[in-house]
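In the part that follows, the structures are each spelled out as structure tokens.
Look for subunit A in each of the two complexes below; its partner is subunit B in the first and subunit C in the second.
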Partner chain A sequence: MKTSPLQKKVWPATVAKNPFEEFHSFAAQNEDLPLDRIVQDTEVVMDRIRHGYEKLLEEEAKELVWMVQYNTIIKAYEVAEKFVLEIDYTAEDIEDFCFALENRQKVPYLIPGPAGVYISALCNYAKEEEIALKLSELKTEINLLGFRLPKGRRLVIDGDTGDFTGIGLEGGELSVEGNAKNWTGAGMRSGKILIEKNIGLHTGEWMMGGEIYVGGRVRGLGNIVEGKVFERDKLIYPGKARYPNIYY
Partner chain B sequence: MEEKGLQGIIDEIWPRLKKKHLYPEIPIPRTKVAADSSDDEKEGVGLEMKQKQMTINPSFVSQMKDKMPERQVVEALLDHGITHYTFCPWDFHTHLMLYAEAKRVMGEKELAKRVANYFVDVIADTHCVKKRFTEIPELHRYLKRGKAEEVIASLYERIWGMDLGIAPPAVKGKEHEATVRRLARIPYLDRSRWKESIQKFGRSLKPFLVEEEKEEENQGGKRESNPQGEHDLTHYSSEEIDQGLRDYAGKTMALSEFRDVVEDFSEELKEAGYRLEGGMGRGRGTPIDADVLFYMKLAENYSIPLRKIDLEQKGHLHPYSHSPWEVGSPFQEVDVWTSFGKIMPGVTQIWKKKEGKGKGKIEGAPDCLIAIDSSGSMMNPRKSLSYAVLGAACATDAYLRNGSKVGVYNFSDAPMGGKDILNYTDRREKVYHSLCKYFGGGTALDLEDLVPLIQGRKHLDLFVITDMKITNLEALIGFFGQIQNRITAVHIGENPYSARFEKAVGRKKNIDIFTVKRKEDIPHIVLGNIREYFNPTHRD
Partner chain C sequence: MEGVGKNGYQKQVMEIYRFINDHLYFNRPDMEIKGGRYNSAILFSLLTALKKGKELIIGEPGLGKTTSAEFVCALIYQFPLGVIWASEVSGHPEQTEEKIVGRPDLGKLNRGEEDVVWTHFSQTPAKIVDEINRLPETKQSMILDGVDRGNWEYLNEMIINEEYCLFATANYQDGGTNTIIAPLIDRFDTMVESRYPGPNLSFLIGKSKRKDHLLRHPKYEKDLYRIFKSKMAYEKKIPKMEEVCSLFGEYVEKELGVRPLQRQDREGVRAEMEHVELDQDASAFTRMLLSEISFCERYGQKRVVEDCEEGCHYTGYLCHEVKNCASNRLPTSIKEYAQGLAWLLGDSEIDIEHVISIVPYTLAHRVQWKDGVLSLKARAKRDDPVPIFLAKEAVKAVSQRYREQGDHVKDALGIGSKIFQGEPLDPLEGDHPLYQEIKKDLSSRRME
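Up next is the complex of A and B:
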């Protein structure tokens, strides 16, 4: 049988060289760094904190409306406590959550009341006795920060806070390195509130004890039952100079 | 140390480094020659990066000689430098984006630049430590450190899990420890989160940087240089800067943000000889009008088709030969047939055009007169994004790209002097300056201004962009009824006046009317009756 000329042709053995041959010996490093673990753990905790907040909204702000009333605050705090106690978190997680509140992709709804109650619960049950939150870059002023801060705890907030800051304080020390709005220290029982700059109206409304120190101006005092309010180191309550809700 | 010996080390390790970093397109690094290193301040800088050329400073390597073998110092510096090109910041757009986010937090230009620089360094080094076998940690052990660098070194210890010989954060104080804890939580290697990450990075590092800045001011403003090299515009080529500005304008779509960033970098851009027209030049450039640059770069993201007409005896540019396409070159000239439909350096080809010599008719683009309304009812283009100016800018680009000239009639209450007339020119910058002028006030056209601009020009296109709230609209309609030039009328938003205009001239074959409500509508503007071009049966 005859073979065709094509079959007889012998092709050179080294015609085609694999252009990627050099990569055969290449071993890409992919070392596990502590960073990977830290970031992963942070994500897990943040998810749980976010989940707790969303549950709180589901239970307490069904129509995304939340009225600040004594009962609603107490009830929301009790719900928040329930979720917070199940999470193992640090002060940095609280700070990250505050910023996540402004990111609509992470937290769909920021309702300042429940958010403040939830953050207060996180602060009150944190492992650390002193918590510093750098919130000066936050665009929203969160209400109700420092709610029921217990004795032996210190909360330092770098930035401004909203209404009802430090209400129902229970012996803790709340320091705001910025301004605070109205009703600060309302119903506080004991402890200390330090506001570096100015404070709004109804300061210390129904305050039962403790001290409020204001580095700037006090816009108006509330009906104070007991306790002390200082404006630039000067005692203004109890004292003759001020009457409740005097605006100046 | 002898430069020749150092260059020998580079030559020897470079093939291995290229392989390690998966063959980046970077030229072989050089050593700094003695004449360049006269600057005492730069002695502490180990690596310089200009465009894509990395240069190793021999005096820095000499300083480190007692602590670390030269080969390791060079390798660590080059690992760091290469990673800036291959991972972070990667391109000029990312650099600008990171800077803009840092500025939001820091509020001040110099601090924002410093934060952006530290951030890209942390990312580059961390990426290298994770993905490549590198000597970078060893280098960090011996680098000189200021306050902020101390924090960053502690951060490296924590996130890399290596001992770099830094005192434990607890010894350094509570603030130091808290900052390191905060910084360690940032997902540096997640590119999609760099925007939020740099904000957190800046927030955490701010007190140290502010303190460091105060100390520097007390010491006469002298700042220690970054031993791993400074990150400024010299890293990037002219095409990369152009592309970066184009991407940034297109992605932010916010005039004020773009202006802030460009003004912050204006000194560097000037030093680099960057000009509005034609990218980079030689020598120190003139101040850059950031608003004009914004519309220029934004317009480059859109391409409006232009139907050509038969022009007589015009030495028109026609495709003559091919040349390779490079990143940053215009896409409009790409020859899709010889490029196999691919946009890739080395594969894609562009047409080089040459002026024709023959007489007779040749297809070409006529000159264009752009009439733009800048009355009070229109958006001020220097305050926020004006669709009118963007539309006109796109039209300008379309005509200039085709070798035509553009004239501008910018009007508000023209009979009262609210007008600016620019004669036909191919100077893009001049046209844009004219388009960006804003008068405010009432709206009226002065036809006596328009007639001399149109008269005697057989082939001339008109591009009118207005909200049609013109007090002498009837006169304009009458004028358009008389002329035979191709007219593209674009009205911003819909109102009774635009409806009246449409009704009056809508049937005329030489007039096309388009509505712009959103920026996405701009590409739908087709200059010079594109419908007829594709469907010639519609022609008269």
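Up next is the complex of A and C:
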């Protein structure tokens, strides 16, 4: 058959070269990026910590108004202990929780009392013996931090704390790199509280032992049963110069 | 791996490296690869000679730029130094095509016949251009065009070099130099610096006898001149040249204890190198690097005439620091030299470490950095000249990113392959230009 000179030559269709061919058999060992995995794991732990706190608030909401009474605190602490013991967390998770407290989307209610009891329980049962919490960025001062801190444990807080810091201390060392408010060290049995700056009223109320060191000024001492209080390296209790509930 | 190392060529080449390092070109090692320390000028010159590449050697005057290339050519191509010197093109403004490529045969021209007398430079496989940046740009272009294709044309006649490599030296910019324009500089596969060896080695160089006499042989040099000048066809000259070169090789082996490579050795080396392929990490890393120096989200690709827009998401990547786009010659240079290095080290595959070692020297002369980057980084504490330093810093940054997301990148490429072959999957998302480039390739595939 004669072909027309104008008839175009038809080239066979070619298969486009696959530029990724050498990776065709690549099987990703783990599709997650390491950072994603860390974030995911942290989120799971944080959810459980938040859940414990919310449950504690539910229990305590029956009281309608949260009153700082020793019985109330002990009861709240027992509830907190129950939830905390079921969670596998690290010291970093405690710090993250402290910051989550101010985020209304993550934690709907921040009540400084129960929050402090819950954080204290987290600190007392953490795997780490030394825990550092950087709370200087927090707008709210949390009460009751360091509650029942046991022997052999050290809690360092960067920032100011609220009322009832280190109450019922049980031999641990609590260091506050900032100010502490009233009733610090109340009812403590043994251990050491170090406040870098100033401290409020009723310091060491009914304390049964241990030492409180204050780098700044002590605004007022409580009725101390036993123990020592130092102000700028100077022993002020027991001592002649100071009397309980004397304001300076 | 089959083919690699069984003929002992690596050992032979490493002996040449050590011989040059110990007896001819004294310098400090300046790069570390897989625990071994090497001098980049010798190592890259060896790879250039073996891979038929093109190398630009920069440095201060008198620091051994040309001599390092001459020693490598003498031992890889078995040419006595006298022949190499006679074949060199010297860069100066009055250089002409007649001195570089060929001239009319004046005797025959008087008889009304047209014939070409080819220069030694156009005939030799080991080509050296001294001070290329002192040549006017038109002459630079002529050399690089010839070397690009291996064809040398004059008066409608042509010779074809089957095997050749090019070494060009360049001083830093001064009053007597021209610039090497970007399209020309891109044709060089690598750029290395011949560095100051330090006062102690420098003193030793000054004290020692003339080393270049070791690689001279007046008889063989005259024999080779005769072959170069003879009127026989170029194709017939080559086996004759090889004969003399082999005799010179035997002489070198006997006198100096180092065995230069014969033509069949060089072909054997190249055949072995061809079997060494990039592994997945080396390939994915190279793609990641190429995407960073060619990508522009807004304008589709980097162009030297276009600048980055304010607020671009990709400011953390190299695309934000460079002006120009990577050329297609860059991946070829990376692959060729990484292949040569992997072969030399006796590895069966080109891995990411080979690529990371090679890339700064293939990238340094090709990238045009933005002024801000230059002013910021040029004064940093460093051992390398600015272009090589910046290229090393860039490679460090990309390899850090690859460490973080290498598996994800390979996964994205793997899924890309599956989509390309018609599987109903979605391309992987990720924060790197490469993911966007994969999507572009896949969308253009879908449009076909």
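By our rule, the second predicted complex is superposed on the first by the 214 of 248 C-alpha atoms of A that agree within 3 Å, B and C clash if a C-alpha of one lies under 4 Å from a C-alpha of the other, contacts with A are read in each partner's own complex, and residues count from 1 in each chain.
Quick note on the criterion: a contact is a pair of C-beta atoms (placed from the backbone, for glycine too) under 8 Å apart; a residue touches a chain by one contact, two chains touch by 3 or more.
Remember, predicted model here, so these are calculated numbers, not experimental data.
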item: Partner chain(s) touched by A:42 [first = subunit B, second = subunit C, both, neither]; value: first
item: First, second, both or neither for A:18, with subunit B first and subunit C second; value: second
item: Partner chain in contact with A:233 - subunit B first, subunit C second, else both or neither; value: neither
item: Touched partner set for A:86, first subunit B, second subunit C, both or neither; value: neither
item: Most subunit A residues touched (candidates subunit B, subunit C); value: B
item: Touched partner set for A:96, first subunit B, second subunit C, both or neither; value: first
item: Touching partner for A:129 - first (subunit B), second (subunit C), both, neither; value: neither
item: Contact residues of subunit A, present in both the subunit B and the subunit C interface; value: 22, 26, 28-31, 33
item: Interface residues, subunit A side, partner subunit C - complex; value: 16, 18-31, 33
item: Partner subunit A, residues of subunit C touching it in the complex; value: 278, 280, 283-284, 404-405, 407-408, 410-411, 413-414, 416-418, 420-421, 438, 441, 445, 448
item: Touching residues on subunit A, where the partner in the complex is subunit B; value: 22, 26, 28-31, 33-35, 38-39, 42, 90, 92, 95-96, 99, 103, 132, 134, 137
item: Residues on subunit B engaged by subunit A in the complex (per definition of touch); value: 19, 104-105, 126, 129-133, 158-161, 178, 181-182, 184-190, 196, 199-200, 203-204
